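Heads up, the next two complexes both have chain A, just with different partners, chain B and then chain C.
Presenting the complex of A and B:
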(Lines of atoms letter the chains of each structure in order from A and count residues from 1; the text may use other names and numbers.)
(Lines give C-alpha, C1' and ligand atoms only; values in the text may rest on other atoms or scores of the structure.)
Protein backbone atom coordinates (compact mmCIF):
# COMPACT_ATOMS: atom_id res chain seq x y z
CA UNK A 1 0.00 0.00 0.00
CA UNK A 2 2.92 2.28 -0.64
CA UNK A 3 2.81 5.42 -2.68
CA UNK A 4 5.28 6.22 -5.42
CA UNK A 5 5.92 9.34 -7.38
CA UNK A 6 7.02 9.50 -10.96
CA UNK A 7 8.32 12.85 -12.10
CA UNK A 8 7.65 13.24 -15.79
CA UNK A 9 7.71 17.03 -15.84
CA UNK A 10 9.26 18.28 -19.04
CA UNK A 11 8.91 14.93 -20.78
CA UNK A 12 7.07 14.92 -24.06
CA UNK A 13 4.62 12.27 -25.12
CA UNK A 14 4.98 9.27 -25.19
CA UNK A 15 7.80 9.17 -22.62
CA UNK A 16 5.48 9.61 -19.58
CA UNK A 17 3.40 6.65 -20.69
CA UNK A 18 6.43 4.43 -21.27
CA UNK A 19 7.83 5.36 -17.86
CA UNK A 20 4.46 4.76 -16.23
CA UNK A 21 4.13 1.34 -17.82
CA UNK A 22 7.59 0.35 -16.57
CA UNK A 23 7.04 1.75 -13.10
CA UNK A 24 3.67 0.06 -12.70
CA UNK A 25 5.33 -3.31 -13.27
CA UNK A 26 7.56 -2.71 -10.24
CA UNK A 27 4.63 -1.81 -7.99
CA UNK A 28 2.80 -4.30 -5.82
CA UNK A 29 -0.94 -4.69 -5.92
CA UNK A 30 -2.52 -1.99 -3.78
CA UNK A 31 0.25 0.52 -4.38
CA UNK A 32 -0.45 3.92 -5.79
CA UNK A 33 1.57 5.72 -8.39
CA UNK A 34 1.44 9.47 -8.77
CA UNK A 35 2.60 10.55 -12.20
CA UNK A 36 3.46 14.22 -12.51
CA UNK A 37 3.14 15.52 -16.04
CA UNK A 38 3.05 18.83 -17.87
CA UNK A 39 2.56 17.58 -21.43
CA UNK A 40 -1.14 17.63 -22.13
CA UNK A 41 -0.86 14.63 -24.44
CA UNK A 42 0.10 12.39 -21.52
CA UNK A 43 -3.03 13.64 -19.82
CA UNK A 44 -4.95 11.62 -22.33
CA UNK A 45 -2.94 8.49 -22.99
CA UNK A 46 -1.73 7.70 -19.47
CA UNK A 47 -5.23 7.57 -17.90
CA UNK A 48 -6.52 5.77 -20.97
CA UNK A 49 -3.82 3.13 -20.70
CA UNK A 50 -4.42 2.75 -16.95
CA UNK A 51 -8.19 2.41 -17.34
CA UNK A 52 -7.66 -0.20 -20.00
CA UNK A 53 -5.65 -2.16 -17.45
CA UNK A 54 -8.52 -1.76 -15.00
CA UNK A 55 -6.58 0.44 -12.61
CA UNK A 56 -8.35 3.18 -10.69
CA UNK A 57 -7.36 6.54 -12.09
CA UNK A 58 -7.81 10.08 -10.90
CA UNK A 59 -6.46 13.17 -12.57
CA UNK A 60 -5.93 16.48 -10.91
CA UNK A 61 -4.72 19.73 -12.39
CA UNK A 62 -2.25 21.01 -9.83
CA UNK A 63 -1.09 24.10 -11.66
CA UNK A 64 -1.23 25.84 -14.98
CA UNK A 65 -0.73 23.02 -17.47
CA UNK A 66 0.56 20.70 -14.76
CA UNK A 67 -1.23 17.55 -13.71
CA UNK A 68 -0.92 14.67 -11.31
CA UNK A 69 -2.36 11.32 -12.27
CA UNK A 70 -3.15 8.96 -9.41
CA UNK A 71 -3.10 5.33 -10.44
CA UNK A 72 -4.05 2.58 -8.00
CA UNK A 73 -2.64 -0.78 -8.93
CA UNK A 74 -5.78 -2.70 -8.22
CA UNK A 75 -4.85 -5.96 -9.86
CA UNK B 1 6.42 26.44 15.58
CA UNK B 2 9.52 24.20 15.45
CA UNK B 3 7.72 21.55 17.44
CA UNK B 4 4.90 21.61 14.96
CA UNK B 5 7.29 21.18 12.06
CA UNK B 6 9.02 18.25 13.73
CA UNK B 7 5.69 16.65 14.51
CA UNK B 8 4.70 17.01 10.88
CA UNK B 9 7.89 15.35 9.69
CA UNK B 10 7.48 12.52 12.22
CA UNK B 11 3.86 12.06 11.15
CA UNK B 12 4.87 11.89 7.55
CA UNK B 13 7.71 9.44 8.02
CA UNK B 14 6.15 7.22 10.65
CA UNK B 15 2.71 6.87 9.24
CA UNK B 16 1.88 3.36 8.16
CA UNK B 17 1.52 2.92 4.44
CA UNK B 18 -2.22 2.44 4.60
CA UNK B 19 -2.94 5.43 6.80
CA UNK B 20 -0.39 7.43 4.88
CA UNK B 21 -2.15 6.62 1.69
CA UNK B 22 -5.50 7.85 2.81
CA UNK B 23 -4.17 10.82 4.70
CA UNK B 24 -1.57 11.79 2.18
CA UNK B 25 -3.98 11.49 -0.65
CA UNK B 26 -6.36 13.89 0.93
CA UNK B 27 -3.60 16.10 2.24
CA UNK B 28 -1.73 16.10 -1.03
CA UNK B 29 -4.86 17.27 -2.66
CA UNK B 30 -5.60 20.19 -0.42
CA UNK B 31 -2.21 21.39 0.81
CA UNK B 32 1.25 21.76 -0.67
CA UNK B 33 -0.30 23.03 -3.85
CA UNK B 34 0.43 26.19 -5.65
CA UNK B 35 -2.91 27.91 -5.37
CA UNK B 36 -4.43 27.97 -8.79
CA UNK B 37 -4.53 31.43 -10.21
CA UNK B 38 -7.89 32.73 -11.26
CA UNK B 39 -7.29 33.91 -14.80
CA UNK B 40 -10.84 34.87 -15.73
CA UNK B 41 -9.93 38.55 -16.03
CA UNK B 42 -6.82 37.86 -18.13
CA UNK B 43 -8.92 35.54 -20.28
CA UNK B 44 -11.55 38.20 -20.91
CA UNK B 45 -8.90 40.83 -21.71
CA UNK B 46 -7.24 38.38 -24.10
CA UNK B 47 -10.58 37.62 -25.76
CA UNK B 48 -11.21 41.33 -26.33
CA UNK B 49 -7.68 41.75 -27.73
CA UNK B 50 -8.16 38.73 -30.01
CA UNK B 51 -11.38 40.18 -31.40
CA UNK B 52 -9.89 43.67 -31.72
CA UNK B 53 -6.83 42.36 -33.55
CA UNK B 54 -9.10 40.25 -35.75
CA UNK B 55 -11.08 43.35 -36.74
CA UNK B 56 -7.82 45.19 -37.42
CA UNK B 57 -6.58 42.33 -39.61
CA UNK B 58 -9.89 42.23 -41.47
CA UNK B 59 -9.38 45.86 -42.48
CA UNK B 60 -6.13 44.82 -44.18
CA UNK B 61 -7.43 41.59 -45.70
CA UNK B 62 -10.53 39.55 -44.95
CA UNK B 63 -8.58 36.35 -45.59
CA UNK B 64 -5.96 37.16 -42.95
CA UNK B 65 -8.76 37.96 -40.50
CA UNK B 66 -10.36 34.58 -41.13
CA UNK B 67 -6.98 32.84 -40.76
CA UNK B 68 -6.55 34.58 -37.42
CA UNK B 69 -9.93 33.41 -36.12
CA UNK B 70 -9.69 29.85 -37.44
CA UNK B 71 -6.15 29.59 -36.07
CA UNK B 72 -7.26 30.69 -32.60
CA UNK B 73 -10.27 28.38 -32.71
CA UNK B 74 -8.13 25.47 -33.87
CA UNK B 75 -5.60 26.03 -31.10
CA UNK B 76 -8.33 26.25 -28.50
CA UNK B 77 -9.92 23.00 -29.68
CA UNK B 78 -6.57 21.19 -29.80
CA UNK B 79 -5.78 22.32 -26.29
CA UNK B 80 -9.12 21.52 -24.70
CA UNK B 81 -9.65 18.15 -26.37
CA UNK B 82 -6.04 16.88 -26.31
CA UNK B 83 -6.55 16.24 -29.99
CA UNK B 84 -3.21 15.33 -31.52
CA UNK B 85 -2.41 14.19 -35.02
CA UNK B 86 0.83 12.63 -33.82
CA UNK B 87 -0.95 10.53 -31.22
CA UNK B 88 -3.58 9.50 -33.76
CA UNK B 89 -0.86 7.81 -35.82
CA UNK B 90 1.41 6.74 -32.96
CA UNK B 91 -0.93 5.43 -30.27
CA UNK B 92 -2.43 2.55 -32.28
CA UNK B 93 1.03 1.02 -32.38
CA UNK B 94 2.43 2.23 -29.07
CA UNK B 95 -0.55 1.81 -26.78
CA UNK B 96 -3.23 0.16 -28.89
CA UNK B 97 -5.52 3.13 -28.41
CA UNK B 98 -7.30 4.37 -31.49
CA UNK B 99 -9.60 6.98 -29.98
CA UNK B 100 -7.66 9.84 -31.58
CA UNK B 101 -7.28 7.94 -34.83
CA UNK B 102 -11.05 7.69 -34.99
CA UNK B 103 -11.38 11.37 -34.07
CA UNK B 104 -9.13 12.28 -37.01
CA UNK B 105 -11.17 10.02 -39.31
CA UNK B 106 -14.39 11.73 -38.22
CA UNK B 107 -12.76 15.11 -38.81
CA UNK B 108 -11.66 13.98 -42.27
CA UNK B 109 -15.17 12.77 -43.08
CA UNK B 110 -16.72 16.09 -42.05
CA UNK B 111 -14.06 18.02 -43.97
CA UNK B 112 -14.63 15.87 -47.05
CA UNK B 113 -18.32 16.74 -47.06
CA UNK B 114 -17.46 20.41 -46.65
CA UNK B 115 -14.91 20.33 -49.46
CA UNK B 116 -17.32 18.59 -51.82
CA UNK B 117 -20.02 21.14 -50.97
CA UNK B 118 -17.70 24.05 -51.73
CA UNK B 119 -16.22 22.54 -54.90
CA UNK B 120 -19.53 21.25 -56.22
CA UNK B 121 -21.16 24.60 -55.49
CA UNK B 122 -18.49 26.34 -57.54
CA UNK B 123 -18.64 23.84 -60.39
CA UNK B 124 -22.44 24.00 -60.94
CA UNK B 125 -22.16 27.79 -61.11
CA UNK B 126 -19.50 27.39 -63.77
CA UNK B 127 -16.89 28.99 -61.54
CA UNK B 128 -13.34 27.63 -61.32
CA UNK B 129 -13.28 24.86 -58.70
CA UNK B 130 -11.43 26.19 -55.63
CA UNK B 131 -8.57 24.24 -54.14
CA UNK B 132 -7.47 22.61 -57.39
CA UNK B 133 -4.00 24.06 -56.85
CA UNK B 134 -3.67 21.68 -53.94
CA UNK B 135 -4.39 18.61 -56.05
CA UNK B 136 -0.77 17.55 -56.35
CA UNK B 137 0.78 14.49 -57.96
CA UNK B 138 1.08 11.36 -55.83
CA UNK B 139 4.44 9.67 -55.99
CA UNK B 140 6.81 7.59 -53.96
CA UNK B 141 8.01 10.90 -52.50
CA UNK B 142 4.64 11.21 -50.71
CA UNK B 143 5.15 7.86 -49.01
CA UNK B 144 8.80 8.50 -48.15
CA UNK B 145 8.05 11.99 -46.89
CA UNK B 146 5.17 10.77 -44.75
CA UNK B 147 7.37 8.10 -43.24
CA UNK B 148 10.12 10.59 -42.38
CA UNK B 149 7.58 13.06 -41.01
CA UNK B 150 6.12 10.31 -38.84
CA UNK B 151 9.48 9.51 -37.27
CA UNK B 152 10.18 13.20 -36.73
CA UNK B 153 6.87 14.04 -35.13
CA UNK B 154 7.01 11.18 -32.66
CA UNK B 155 10.55 12.18 -31.60
CA UNK B 156 9.60 15.86 -31.41
CA UNK B 157 6.42 15.08 -29.47
CA UNK B 158 4.08 16.70 -31.95
CA UNK B 159 3.33 17.71 -35.49
CA UNK B 160 3.19 21.38 -36.44
CA UNK B 161 -0.17 22.14 -34.84
CA UNK B 162 0.56 20.10 -31.73
CA UNK B 163 3.97 21.68 -31.28
CA UNK B 164 2.56 25.19 -31.61
CA UNK B 165 -0.24 24.41 -29.18
CA UNK B 166 2.19 23.07 -26.57
CA UNK B 167 4.44 26.08 -26.91
CA UNK B 168 1.39 28.13 -26.01
CA UNK B 169 0.95 25.81 -23.07
CA UNK B 170 4.49 26.66 -21.97
CA UNK B 171 6.18 23.36 -22.73
CA UNK B 172 9.86 24.28 -23.11
CA UNK B 173 11.15 21.31 -25.06
CA UNK B 174 8.86 21.98 -27.98
CA UNK B 175 10.20 25.48 -28.44
CA UNK B 176 13.32 23.62 -29.50
CA UNK B 177 11.19 21.40 -31.75
CA UNK B 178 9.72 24.38 -33.56
CA UNK B 179 13.17 25.87 -34.22
CA UNK B 180 14.27 22.70 -36.00
CA UNK B 181 10.86 22.33 -37.61
CA UNK B 182 11.42 25.73 -39.21
CA UNK B 183 15.01 24.87 -40.20
CA UNK B 184 13.82 21.61 -41.75
CA UNK B 185 11.02 23.36 -43.61
CA UNK B 186 13.42 25.94 -45.01
CA UNK B 187 15.74 23.20 -46.18
CA UNK B 188 12.85 21.34 -47.79
CA UNK B 189 11.66 24.50 -49.52
CA UNK B 190 15.18 25.07 -50.86
CA UNK B 191 15.35 21.59 -52.42
CA UNK B 192 11.69 21.37 -53.42
CA UNK B 193 12.35 22.39 -57.01
CA UNK B 194 14.71 19.49 -57.57
CA UNK B 195 12.36 16.97 -55.96
CA UNK B 196 9.42 18.28 -57.96
CA UNK B 197 11.33 18.05 -61.20
CA UNK B 198 12.81 14.58 -60.66
CA UNK B 199 10.27 12.70 -58.58
CA UNK B 200 7.04 14.42 -57.72
CA UNK B 201 5.86 15.69 -61.11
CA UNK B 202 6.10 12.17 -62.58
CA UNK B 203 3.27 10.97 -60.37
CA UNK B 204 -0.41 10.87 -61.31
CA UNK B 205 -2.60 13.82 -60.31
CA UNK B 206 -5.82 12.49 -58.83
CA UNK B 207 -8.98 14.42 -58.16
CA UNK B 208 -11.69 11.93 -57.21
CA UNK B 209 -14.67 13.93 -58.60
CA UNK B 210 -13.07 13.85 -62.06
CA UNK B 211 -12.90 10.05 -61.87
CA UNK B 212 -16.11 9.08 -60.05
CA UNK B 213 -18.24 12.21 -60.40
CA UNK B 214 -19.26 14.32 -57.42
CA UNK B 215 -21.62 11.80 -55.77
CA UNK B 216 -19.29 8.91 -56.52
CA UNK B 217 -16.28 10.75 -55.12
CA UNK B 218 -17.86 11.59 -51.79
CA UNK B 219 -19.31 8.07 -51.52
CA UNK B 220 -15.94 6.45 -52.21
CA UNK B 221 -14.24 8.78 -49.76
CA UNK B 222 -16.77 8.25 -46.96
CA UNK B 223 -16.88 4.49 -47.44
CA UNK B 224 -13.08 4.38 -47.30
CA UNK B 225 -13.07 6.45 -44.09
CA UNK B 226 -15.80 4.24 -42.62
CA UNK B 227 -13.74 1.11 -43.36
CA UNK B 228 -10.71 2.67 -41.67
CA UNK B 229 -12.91 3.63 -38.71
CA UNK B 230 -14.18 0.07 -38.33
CA UNK B 231 -10.63 -1.27 -38.58
CA UNK B 232 -9.45 1.21 -35.94
CA UNK B 233 -12.30 0.20 -33.65
CA UNK B 234 -11.49 -3.50 -34.13
CA UNK B 235 -7.80 -2.82 -33.45
CA UNK B 236 -8.59 -1.13 -30.13
CA UNK B 237 -10.85 -3.95 -28.96
CA UNK B 238 -8.49 -6.63 -30.16
CA UNK B 239 -5.80 -5.16 -27.90
CA UNK B 240 -8.21 -4.98 -25.02
CA UNK B 241 -8.79 -8.71 -25.09
CA UNK B 242 -5.10 -9.47 -24.83
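Presenting the complex of A and C:
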Protein backbone atom coordinates (compact mmCIF):
# COMPACT_ATOMS: atom_id res chain seq x y z
CA UNK A 1 0.00 0.00 0.00
CA UNK A 2 2.85 2.35 -0.81
CA UNK A 3 2.37 5.89 -2.02
CA UNK A 4 4.36 7.40 -4.87
CA UNK A 5 4.63 10.94 -6.16
CA UNK A 6 5.16 12.02 -9.73
CA UNK A 7 6.13 15.65 -10.20
CA UNK A 8 4.87 16.86 -13.55
CA UNK A 9 4.75 20.56 -12.69
CA UNK A 10 5.81 22.62 -15.67
CA UNK A 11 5.29 19.76 -18.09
CA UNK A 12 2.95 20.20 -21.04
CA UNK A 13 0.78 17.56 -22.67
CA UNK A 14 1.18 14.76 -23.39
CA UNK A 15 4.19 14.30 -21.12
CA UNK A 16 2.24 14.00 -17.81
CA UNK A 17 0.06 11.30 -19.36
CA UNK A 18 2.96 9.30 -20.81
CA UNK A 19 4.89 9.57 -17.54
CA UNK A 20 1.83 8.45 -15.57
CA UNK A 21 1.31 5.44 -17.84
CA UNK A 22 4.94 4.39 -17.35
CA UNK A 23 4.95 4.94 -13.61
CA UNK A 24 1.73 2.99 -13.06
CA UNK A 25 3.36 -0.08 -14.61
CA UNK A 26 6.01 -0.04 -11.87
CA UNK A 27 3.45 0.12 -9.07
CA UNK A 28 2.06 -2.93 -7.28
CA UNK A 29 -1.65 -3.51 -6.90
CA UNK A 30 -2.91 -1.51 -3.95
CA UNK A 31 -0.33 1.26 -4.38
CA UNK A 32 -1.32 4.87 -4.94
CA UNK A 33 0.25 7.34 -7.33
CA UNK A 34 -0.05 11.08 -6.81
CA UNK A 35 0.53 13.00 -10.01
CA UNK A 36 1.22 16.71 -9.56
CA UNK A 37 0.26 18.81 -12.56
CA UNK A 38 -0.22 22.45 -13.50
CA UNK A 39 -1.37 21.99 -17.07
CA UNK A 40 -5.13 21.92 -17.41
CA UNK A 41 -5.23 19.48 -20.34
CA UNK A 42 -3.50 16.87 -18.16
CA UNK A 43 -6.39 17.39 -15.78
CA UNK A 44 -8.58 15.97 -18.52
CA UNK A 45 -6.52 13.21 -20.12
CA UNK A 46 -4.79 11.69 -17.08
CA UNK A 47 -8.00 10.94 -15.11
CA UNK A 48 -9.68 9.83 -18.35
CA UNK A 49 -6.90 7.33 -19.03
CA UNK A 50 -6.94 6.10 -15.42
CA UNK A 51 -10.71 5.58 -15.40
CA UNK A 52 -10.48 3.70 -18.67
CA UNK A 53 -8.10 1.32 -16.87
CA UNK A 54 -10.60 0.97 -14.02
CA UNK A 55 -8.34 2.67 -11.49
CA UNK A 56 -9.87 4.75 -8.71
CA UNK A 57 -9.21 8.40 -9.42
CA UNK A 58 -9.55 11.49 -7.30
CA UNK A 59 -8.57 15.01 -8.25
CA UNK A 60 -7.74 17.74 -5.79
CA UNK A 61 -7.15 21.40 -6.65
CA UNK A 62 -4.24 22.29 -4.42
CA UNK A 63 -3.62 25.82 -5.67
CA UNK A 64 -4.27 28.19 -8.53
CA UNK A 65 -3.79 26.06 -11.61
CA UNK A 66 -2.23 23.25 -9.62
CA UNK A 67 -3.75 19.87 -9.11
CA UNK A 68 -2.95 16.52 -7.56
CA UNK A 69 -4.40 13.44 -9.17
CA UNK A 70 -4.66 10.42 -6.87
CA UNK A 71 -4.69 7.13 -8.74
CA UNK A 72 -5.18 3.85 -6.89
CA UNK A 73 -3.84 0.84 -8.73
CA UNK A 74 -6.83 -1.34 -8.06
CA UNK A 75 -6.04 -4.16 -10.45
CA UNK B 1 -22.23 30.23 0.03
CA UNK B 2 -18.82 30.53 -1.56
CA UNK B 3 -18.70 31.51 -5.20
CA UNK B 4 -16.20 28.74 -5.94
CA UNK B 5 -18.74 26.08 -4.93
CA UNK B 6 -21.67 27.63 -6.83
CA UNK B 7 -22.73 25.15 -9.49
CA UNK B 8 -23.39 27.79 -12.15
CA UNK B 9 -19.99 29.33 -11.56
CA UNK B 10 -18.43 25.90 -11.89
CA UNK B 11 -20.33 25.02 -15.06
CA UNK B 12 -19.65 28.34 -16.83
CA UNK B 13 -16.22 29.42 -15.64
CA UNK B 14 -14.43 26.67 -13.75
CA UNK B 15 -14.85 23.37 -15.54
CA UNK B 16 -13.75 23.06 -19.16
CA UNK B 17 -16.58 23.12 -21.68
CA UNK B 18 -17.01 19.98 -23.74
CA UNK B 19 -15.35 19.63 -27.14
CA UNK B 20 -18.81 19.59 -28.76
CA UNK B 21 -19.75 22.92 -27.16
CA UNK B 22 -16.47 24.39 -28.34
CA UNK B 23 -16.93 23.04 -31.86
CA UNK B 24 -20.43 24.48 -32.16
CA UNK B 25 -19.31 27.89 -30.91
CA UNK B 26 -16.34 27.91 -33.28
CA UNK B 27 -18.63 27.08 -36.20
CA UNK B 28 -21.00 29.89 -35.33
CA UNK B 29 -18.27 32.46 -34.86
CA UNK B 30 -16.37 31.53 -38.01
CA UNK B 31 -19.64 32.20 -39.90
CA UNK B 32 -19.89 35.55 -38.11
CA UNK B 33 -16.28 36.21 -39.13
CA UNK B 34 -16.97 35.58 -42.81
CA UNK B 35 -20.18 37.61 -42.73
CA UNK B 36 -18.67 40.64 -41.01
CA UNK B 37 -15.11 40.77 -42.38
CA UNK B 38 -15.50 39.17 -45.84
CA UNK B 39 -12.63 36.87 -44.97
CA UNK B 40 -12.18 33.43 -43.48
CA UNK B 41 -10.83 33.02 -39.97
CA UNK B 42 -7.04 32.99 -39.78
CA UNK B 43 -4.53 33.54 -37.01
CA UNK B 44 -0.94 33.60 -38.26
CA UNK B 45 -1.40 35.80 -41.34
CA UNK B 46 -1.42 38.98 -39.25
CA UNK B 47 1.88 37.94 -37.61
CA UNK B 48 3.63 38.41 -40.96
CA UNK B 49 1.89 41.77 -41.42
CA UNK B 50 2.92 42.84 -37.91
CA UNK B 51 6.49 41.92 -38.78
CA UNK B 52 6.27 43.99 -41.96
CA UNK B 53 4.91 46.96 -39.99
CA UNK B 54 7.90 46.71 -37.66
CA UNK B 55 10.28 46.66 -40.65
CA UNK B 56 8.50 49.70 -42.12
CA UNK B 57 8.59 51.52 -38.77
CA UNK B 58 12.37 51.27 -38.90
CA UNK B 59 12.44 52.66 -42.42
CA UNK B 60 12.68 49.33 -44.23
CA UNK B 61 10.67 48.35 -47.26
CA UNK B 62 8.85 45.10 -47.89
CA UNK B 63 7.46 46.07 -51.32
CA UNK B 64 9.75 43.69 -53.15
CA UNK B 65 8.96 40.75 -50.86
CA UNK B 66 7.03 38.13 -52.75
CA UNK B 67 4.71 37.55 -49.79
CA UNK B 68 3.39 41.12 -49.98
CA UNK B 69 3.32 41.35 -53.77
CA UNK B 70 -0.24 40.03 -53.98
CA UNK B 71 -3.19 42.37 -53.92
CA UNK B 72 -4.44 41.08 -50.55
CA UNK B 73 -0.92 41.29 -49.16
CA UNK B 74 -0.61 44.94 -50.16
CA UNK B 75 -4.10 45.70 -48.85
CA UNK B 76 -3.18 44.21 -45.45
CA UNK B 77 -0.06 46.39 -45.26
CA UNK B 78 -2.11 49.52 -45.89
CA UNK B 79 -4.33 48.88 -42.90
CA UNK B 80 -3.50 49.75 -39.32
CA UNK B 81 -3.78 47.47 -36.34
CA UNK B 82 -7.22 48.77 -35.42
CA UNK B 83 -8.59 48.67 -38.97
CA UNK B 84 -7.30 45.14 -39.57
CA UNK B 85 -10.01 42.69 -38.43
CA UNK B 86 -7.59 39.77 -38.12
CA UNK B 87 -5.19 41.72 -35.89
CA UNK B 88 -7.98 42.88 -33.59
CA UNK B 89 -9.35 39.34 -33.46
CA UNK B 90 -5.95 37.96 -32.43
CA UNK B 91 -5.80 40.52 -29.65
CA UNK B 92 -9.29 39.40 -28.65
CA UNK B 93 -8.14 35.77 -28.47
CA UNK B 94 -5.35 36.73 -26.08
CA UNK B 95 -7.57 38.94 -23.90
CA UNK B 96 -10.31 36.32 -23.92
CA UNK B 97 -7.93 33.56 -22.88
CA UNK B 98 -6.58 35.73 -20.08
CA UNK B 99 -10.09 36.58 -18.92
CA UNK B 100 -11.14 32.90 -18.98
CA UNK B 101 -8.17 31.78 -16.92
CA UNK B 102 -8.66 34.64 -14.44
CA UNK B 103 -12.37 33.85 -14.06
CA UNK B 104 -11.51 30.21 -13.38
CA UNK B 105 -8.87 31.39 -10.89
CA UNK B 106 -6.26 29.40 -12.77
CA UNK B 107 -3.78 32.06 -13.82
CA UNK B 108 -0.23 30.99 -13.15
CA UNK B 109 3.29 31.58 -14.37
CA UNK B 110 4.48 28.07 -15.03
CA UNK B 111 7.98 27.27 -13.95
CA UNK B 112 10.43 26.35 -16.65
CA UNK B 113 11.81 22.88 -15.99
CA UNK B 114 14.95 23.03 -18.07
CA UNK B 115 16.72 24.83 -20.90
CA UNK B 116 15.74 22.09 -23.27
CA UNK B 117 12.10 23.15 -22.89
CA UNK B 118 13.02 26.74 -23.82
CA UNK B 119 15.06 25.64 -26.81
CA UNK B 120 12.29 23.39 -28.08
CA UNK B 121 9.67 26.12 -27.63
CA UNK B 122 11.73 28.71 -29.52
CA UNK B 123 12.79 26.33 -32.27
CA UNK B 124 9.30 24.87 -32.58
CA UNK B 125 7.76 28.35 -32.68
CA UNK B 126 10.08 29.42 -35.47
CA UNK B 127 9.30 26.27 -37.46
CA UNK B 128 5.55 26.76 -36.97
CA UNK B 129 5.71 30.41 -37.95
CA UNK B 130 7.81 29.76 -41.03
CA UNK B 131 5.79 26.69 -41.99
CA UNK B 132 2.47 28.47 -41.67
CA UNK B 133 3.69 31.22 -44.02
CA UNK B 134 4.93 28.92 -46.77
CA UNK B 135 1.72 26.87 -46.39
CA UNK B 136 -0.33 30.09 -46.53
CA UNK B 137 -2.02 29.34 -43.25
CA UNK B 138 -1.80 27.57 -39.93
CA UNK B 139 -4.14 24.95 -38.53
CA UNK B 140 -6.82 27.64 -38.41
CA UNK B 141 -6.41 29.50 -41.70
CA UNK B 142 -5.32 26.57 -43.83
CA UNK B 143 -6.96 23.62 -42.06
CA UNK B 144 -10.08 24.79 -40.28
CA UNK B 145 -11.09 27.57 -42.66
CA UNK B 146 -9.90 25.52 -45.64
CA UNK B 147 -12.07 22.52 -44.84
CA UNK B 148 -15.08 24.55 -43.71
CA UNK B 149 -14.98 26.43 -47.02
CA UNK B 150 -14.88 23.15 -48.94
CA UNK B 151 -11.32 23.57 -50.16
CA UNK B 152 -9.32 20.43 -50.99
CA UNK B 153 -6.18 22.16 -49.73
CA UNK B 154 -7.55 21.94 -46.18
CA UNK B 155 -7.68 18.15 -46.40
CA UNK B 156 -4.18 17.96 -47.87
CA UNK B 157 -3.01 20.15 -44.99
CA UNK B 158 -4.76 17.81 -42.52
CA UNK B 159 -2.99 14.76 -43.94
CA UNK B 160 0.45 16.29 -43.56
CA UNK B 161 -0.39 17.80 -40.20
CA UNK B 162 -1.18 14.34 -38.85
CA UNK B 163 2.12 13.07 -40.27
CA UNK B 164 3.90 15.95 -38.55
CA UNK B 165 2.07 15.36 -35.27
CA UNK B 166 3.04 11.68 -35.40
CA UNK B 167 6.73 12.46 -35.87
CA UNK B 168 6.49 15.25 -33.29
CA UNK B 169 5.02 13.01 -30.61
CA UNK B 170 7.76 10.41 -31.21
CA UNK B 171 10.41 13.12 -30.78
CA UNK B 172 8.64 14.38 -27.67
CA UNK B 173 8.70 10.95 -26.01
CA UNK B 174 12.32 10.43 -27.08
CA UNK B 175 13.74 13.72 -25.83
CA UNK B 176 11.39 14.90 -23.08
CA UNK B 177 10.68 11.86 -20.97
CA UNK B 178 13.75 11.92 -18.69
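Here is the rule we use: the second predicted complex is superposed on the first by the 75 of 75 C-alpha atoms of A that agree within 3 Å, B and C clash if a C-alpha of one lies under 4 Å from a C-alpha of the other, contacts with A are read in each partner's own complex, and residues count from 1 in each chain.
Please note the rule applied: a residue touches a chain if its C-beta (ideal position, glycine included) is under 8 Å from a C-beta of that chain, and two chains touch if they have at least 3 such contacts.
The structure displayed is predicted, hence computed values, not measured ones.
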{"item": "Overlay on chain A: chain C relative to chain B, clash or fit", "value": "clash"}
{"item": "Touched partner set for A:3, first chain B, second chain C, both or neither", "value": "first"}
{"item": "Touched partner set for A:52, first chain B, second chain C, both or neither", "value": "first"}
{"item": "Chain B versus chain C as contact partner of A:38, first or second or both or neither", "value": "both"}
{"item": "First (chain B), second (chain C), both or neither touched by A:19", "value": "second"}
{"item": "First, second, both or neither for A:64, with chain B first and chain C second", "value": "both"}
{"item": "From 58-66, 76-84 or 220-228, the chain B stretch with C-alpha clashes against chain C", "value": "76-84"}
{"item": "Where chain A meets both chain C and chain B, residue numbers", "value": "10, 14, 38-40, 44, 64-65"}
{"item": "For the chain C and chain A complex, residues of the former touching the latter", "value": "16, 101, 105-108, 110-113, 117, 169, 172-173, 176-177"}
{"item": "Chain B partner contacts - residues on chain A that touch it in the complex", "value": "1-3, 10, 12-14, 17, 32, 34, 38-41, 43-45, 48-49, 52, 60-65, 68, 70"}
{"item": "Chain B to chain A touching residues, read off their complex", "value": "17-18, 20-21, 24-25, 28-29, 33-34, 36-37, 79, 82, 84, 86-87, 90-91, 94-97, 99-100, 154, 156-158, 162, 166, 169-174, 239-240"}
{"item": "Interfacial residue positions of chain A with respect to chain C in the complex", "value": "9-11, 14-15, 18-19, 22, 38-40, 44, 64-66"}
